[in-house]
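You will see subunit A twice below: alongside subunit B first, and alongside subunit C after that.
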Partner chain A sequence: MWIRALPKHFLRLALTIMLGGLLGATLVRLAPGFGVDERELDTRLNTQSIELLRQSHASQRNILGYYRGYLAGLFRGDLGVSTSLDRPVAELFAERLPVTLHSVGIGVAAGWLLGFLLALPAALFRWKAYEIFTAGLSGLFLSLPAAILGLGLVYAGGPASLAIALVVFPRVLQYARNILVQSAALPHVLAAHARGLHRTRVLLWHVLPNAAPLLFALAGISVSMAFGAAIPIEAICDYPGIGQLTWQAALSRDLPVLVNVTLLITVITLAANSLSDLASSAFVRQRI
Partner chain B sequence: MSRRMQIVLASFCFCWLFVSTAAAQSGGELRFSIQSEPKTFDPMLADDDSSETIRYLTGGFLIRLNRQTQTLEPELATSWKVSNGGQTISFELRRNVVFSDGTPFSADDVAYTMRTLMDPNLHSPTADPFRSVEGQVKIDVKSPTAIVLQFPGPVANLEELFDSVAIVSAKSPHRDVAGLGPFVVAEHKAGSSIVLRRNPNYWKRDAAGKPLPYLDAVHLDIQQNRDLEMLRFRRGEIQLINTIAPDAFDRLAADMRSAAHDAGPSFDTEQMWFNQVASAPIPDYKKAWFRSQNFRRAVSQAINRADMCRIAFAGHAQPAAGMISPANHFWFNAKLRPEETDVPGALKRLADDGFHLDKDVLRDRDGHAVEFSIITNAGNKVRERLAVMMQDDLARIGIRLNVVTLDFPSLIDRISHSFNYEACLLGLVNVDLDPSTQMNVWLSSASNHQWNPEEKTPATPWEVEIDRLMHAQASTTDNKQRKEYFDRVQEIVADQAPFIYLVNKNALSAVSPTVRNAAPVVLRPQTYWNIDSLYLAAPDPSGRHGE
Partner chain C sequence: MSRIRLVAIVFLALTFSAVLFADFVAPAPYAKQFREVPNAAPSLKHLLGTDDLGRDSFSRLLYGSRVSLLLAPAAALLSTLIAAFVGGSAGYLGGWFERVALAATDLSLSLPWLFLLLTVRALLPLNVAPVTSVVVTFALLGVLGWSSSGRVICSGARAIRESDFVLQAKALGCAPHRLILRQVLPNLQPVLSAQFWTSIPIFIIAEANLGILGLGVAEPLPSWGNLLRGLENWPEVKASPWKLAPIVALIAVVSCFQLIFQKRENLAS
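Let's turn to the complex of A and B:
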């Protein structure tokens, strides 16, 4: 049944990705300062060279024409050439994506580990003091912008992945705690407790299976959250990943890089959410 | 202690000192930051700071401008002669020089470099100053060590332009990496770092005959965050910072006095100007204000430059007299003085143009309250502070100034494309001594003639005169005559105030005490201009630049 729905699912994903890319490209095109080059202020350049610089962005002015050309190139495996770095975008991604995937991967894993481990006792034992502590802790870190965490890490000499973990963990802690508490309050879980089952058995057999679909959804969201946090963190920490590239591209209105980054983030977000959906539905089917 | 014992001890100390100094001079990896990824490693296409840094450290040049003495010195050319009214230059080249890969250097390489550089399809920014008129450069290789270059028209300041022309090999199979400079690119981690290794075939030697450079390597960290750069300097992770903001400089000087260097007024200027573009989308009555010499001079007179230097630059700046900094020993017009703050004088000038004060509000002859906005680039704290100080200064003559900060692309869009602005506050980075490289600012037809770019015909008689003088100075090789022409340009600019010059900021830099032979200067690259002779002392065991 779900296999038959796959083509429709993929079509919807492809359309969302293409629309996301077009929207990103349009926003960049409409941004003030698009199509200008800092080198225009270089007094050593003569008028012809400056005119040439101005002409170099001419092909990107018609956004629909540009996007059509971009998609045609994309199907040939050509992601275009960065206007600010004058290098193929595919090459830039190949250099930088592993750096970001590494820091985001470690950040998400560490954030989940920390958040989930702190959430478990809150759901299992319902100690008031511990609840206040976790609520305060998650509130504190939620109120800190990713850039501030990045800056703190810079001064402390820590890795970027730790800053990403600190962005992910309070959200995981807060949501996972709520999900687990709700799950632990279900009648059959209370009945299991009443029958004297061990806490661990109740947790593994009754609480977690009920909470799993929502936790999978949270996992999907935390991946896109981590990618979002990677941009300011990498920019502040001067970490050579996709986030730093995106920041520099935004400052220089580098349309080819920004369109590809938009597509990449859309793909990652949708892929993470789809995977969590699939995992969740597969889990539910198995239980039925 | 016996006399013999003293002699032995002294000899031991001398030997230890000699050995340790020699060892230190032979090695070490110097680390510093560049602000962005170099856009290119091709020396002919370098036009951003990072690419120019790579070119400076890896390129071999026929002539070098000594950044300290501001004079030209022979490098790969042992001598040169400019003739034919600045159209021709002949070089005698150094013998027995080889590229980093062992390929011999000859006049053919110079010919190849110039032919490639001047190819119009390459669009090399280094080539633009050589193109005074249309046409091909004639290259005559007289012998392996002699070459004559004839340009189609006279080129002002011809020999100094070769300070930016890195010679590339005509024959090397590794043309992209083979260089004649002190270092070669060894490693590049995109977005992270670039490592330059010592060129084992570098031709230069020190006075004792020891091969240069002393350093084994230069490690360039790509670091956009200036706070992080300073933090790493303090931790001893990098050894040089070329330019520092005044407040950061003072904090550094308080903790590490010997590491902070103020080389005095730099070549850079901070200035404001009014939009005088006829087609600009601003009201006509405001255009009339901005075209008035009295209005511009009154604004200039109301500004307190001394306070700007004292407060915004913490004393690390000088009031500017004009377009050329006093640091430029030859070209500065010593007759010019910075505009003195004179509020009554400013009000008198305004009254001459029909402006009057109405309850602390300045109004023009038609009753319009005088108010305008000034745009500047966001994120530059010093410049934002200058704008706020100008607000206070202009309020004293009844002018309301609104400060608008924009990111750089938006600002360029306004001043170069849409002309949708009233006044702009910006700095000009001067990297060359000679004013001929400012042709694109001062000619009325030029695109960087910011107050009114690309005029079809000069809009004012004084711009006609500036055009004439700039062309005249560019078409003679007699520097005394050129200086007279350019002095006159400076005087016209001071009188007409199309740019209102505010300050010349000081060249502030940081050099770790572990770096030996460093002598920071005002010209770029301020701290490593003598990279050949820099070396690192033995590291501090604490790993920090302690005092």
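Let's turn to the complex of A and C:
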């Protein structure tokens, strides 16, 4: 049973998250401006004050020591305090995460609906004009940075989730179309057509089940795409979610927020990918 | 080759030539201010008008395109080289090395690279020079964007390792370095080239996103990212539509890359 694989899956997930957090903290530590404080530019501060400021970052210099302390705090539910907003990071997450989850959830669902509905006829009927239309449409939206889509939505008065949907849909359209075309060209599907089975029956019983594992994988990936797009979109749309918090933290060099956000998004990405893996393997086993 | 792909190739060739010879094509240096004509409309002297600081917009677009179009391929080359080294050696050597390398690739894939990029980019020194900021931005793109390519290259190298001609070459006593140079690398070349070309538009768009957020290339050096920041003032853009030129150029170039390398993209995925 696929349920037996769950503990191994969770263990792998936990290990990857721990290593990912360490890697993230190491990269941050290696950044050339690590430990530099904007207050150092204040001309009213003398050399001694600047030295004291630098010493306050000394505890973060040892990567392993810093990460150990961070993990110990994490297990106690203490994510540290934001240096720019002077508020506990956990409190900021509790406030902003639901906002982002809501917009990302709606954005992914709408992006999938639009992308998949456009991909189905493109894959099944292979009308030349329709293929050119969908290729042009997905190409146009793939060429637009997420921030520009966000900006367009601000001017049009639309919600941030629509901008996320517009980031997700061209990728879903392109990949889902390719997956469905490959699935529709399999010999048993062609044989089903030759035997005169109805197009809908062929689609539901033969094309979609074959494409399902890859579509599940695409669903997992689209969640991380949506979170990646959330930063510029929320920043541009002035939407009070995790993306906007990340942008503000990046501008004010708020290390505790940045490290925690990276870890949080790693957890969400891995959870989404694991869920899609599990759903895919459960589906395949059920069919066998 | 379809006609549309030919048009895309010609357009990209012209754009690359224009940005390469920007010093000769641009009517003014990118930072030169014409203080008497800020926010000017297009004219023969200023083809796309001037910005609010009186700088020639056409020159800034040319130089900005040069930054994005020359450094995105450099970042793509860096990421492809890292991916080729990690993925290629993992796939070719196999065994525990492959398992460790694939675990590292999965780990890198699980990290939200845009968040990480934003974090590391934000931690640059306070007094960073514009040229350093541009190099660091694209170097980070290259260093952080290798993992998905690494996985594809690894599976390509594994297929070559298990192929009959490599087995035969090994049986004939072909030296390892000769095997890699003469048999493995030439056969990996289509996958490597696909990864390289498909990474370019991704990096161009990533830089544009960073630039709009104020975390890309530092002023006064122009790039598509910081030129697109001009679109934030919509009433001004509405009144002077020629300010849409950077986004039109970005869409045109990225679309041309997609048109030309569509088949390679399928190979890359």
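Criterion: the second predicted complex is superposed on the first by the 246 of 288 C-alpha atoms of A that agree within 3 Å, B and C clash if a C-alpha of one lies under 4 Å from a C-alpha of the other, contacts with A are read in each partner's own complex, and residues count from 1 in each chain.
Rule of thumb we're sticking to: a residue touches a chain if its C-beta (ideal position, glycine included) is under 8 Å from a C-beta of that chain, and two chains touch if they have at least 3 such contacts.
On a predicted model such as this, the values are computed, not experimentally measured, just so you know.
Shared-chain residue A:251: touches subunit B and subunit C both.
After overlaying the two complexes on the shared chain, residue contacts for A:236 are found with subunit B and with subunit C alike.
Looking at the shared chain after the overlay, A:200 reaches neither subunit B nor subunit C. When the two complexes are overlaid on their common chain A, residue A:95 makes contact with subunit B while staying clear of subunit C. In the superposition on chain A, A:155 makes contact with both subunit B and subunit C.
Once the two complexes are overlaid on the shared chain, A:47 sits against subunit B while remaining clear of subunit C. Contact with neither subunit B nor subunit C is seen for A:55 once the two complexes are overlaid on the shared chain.
Contacts of A:86 after superposition on the shared chain: subunit B is touched, whereas subunit C is not. In the superposition on chain A, the residues of subunit A contacted by subunit B and by subunit C overlap at 31-34, 36, 38, 40-41, 154-155, 235-236, 251, 253.
Of all residues in subunit B, only 36-37, 39-40, 47-48, 123, 125, 128-129, 131, 189-192, 221-225, 228, 231, 406-413, 416-417, 428, 431-432, 437-441, 445-448, 454 touch subunit A in the complex they form. Interface of subunit A with subunit B (complex): residues 31-47, 49-52, 84-86, 92, 95-96, 99, 154-155, 235-238, 240-241, 244-245, 248, 251-253. Residue ranges of subunit A in contact with subunit C, taken from their complex: 16, 19-20, 23-24, 27-28, 31-34, 36, 38, 40-41, 139-140, 142-148, 151, 154-155, 175, 178, 224, 227-228, 231-232, 235-236, 246-247, 249-251, 253, 255, 258-259, 261-262, 265-266, 269-270, 273.
Subunit C contributes residues 106-108, 110-116, 118-126, 128, 136, 201, 205, 208-209, 212-215, 228, 231-232, 234, 247, 250-251, 254-255, 258-259, 266, 269 to its touches with subunit A in the complex.
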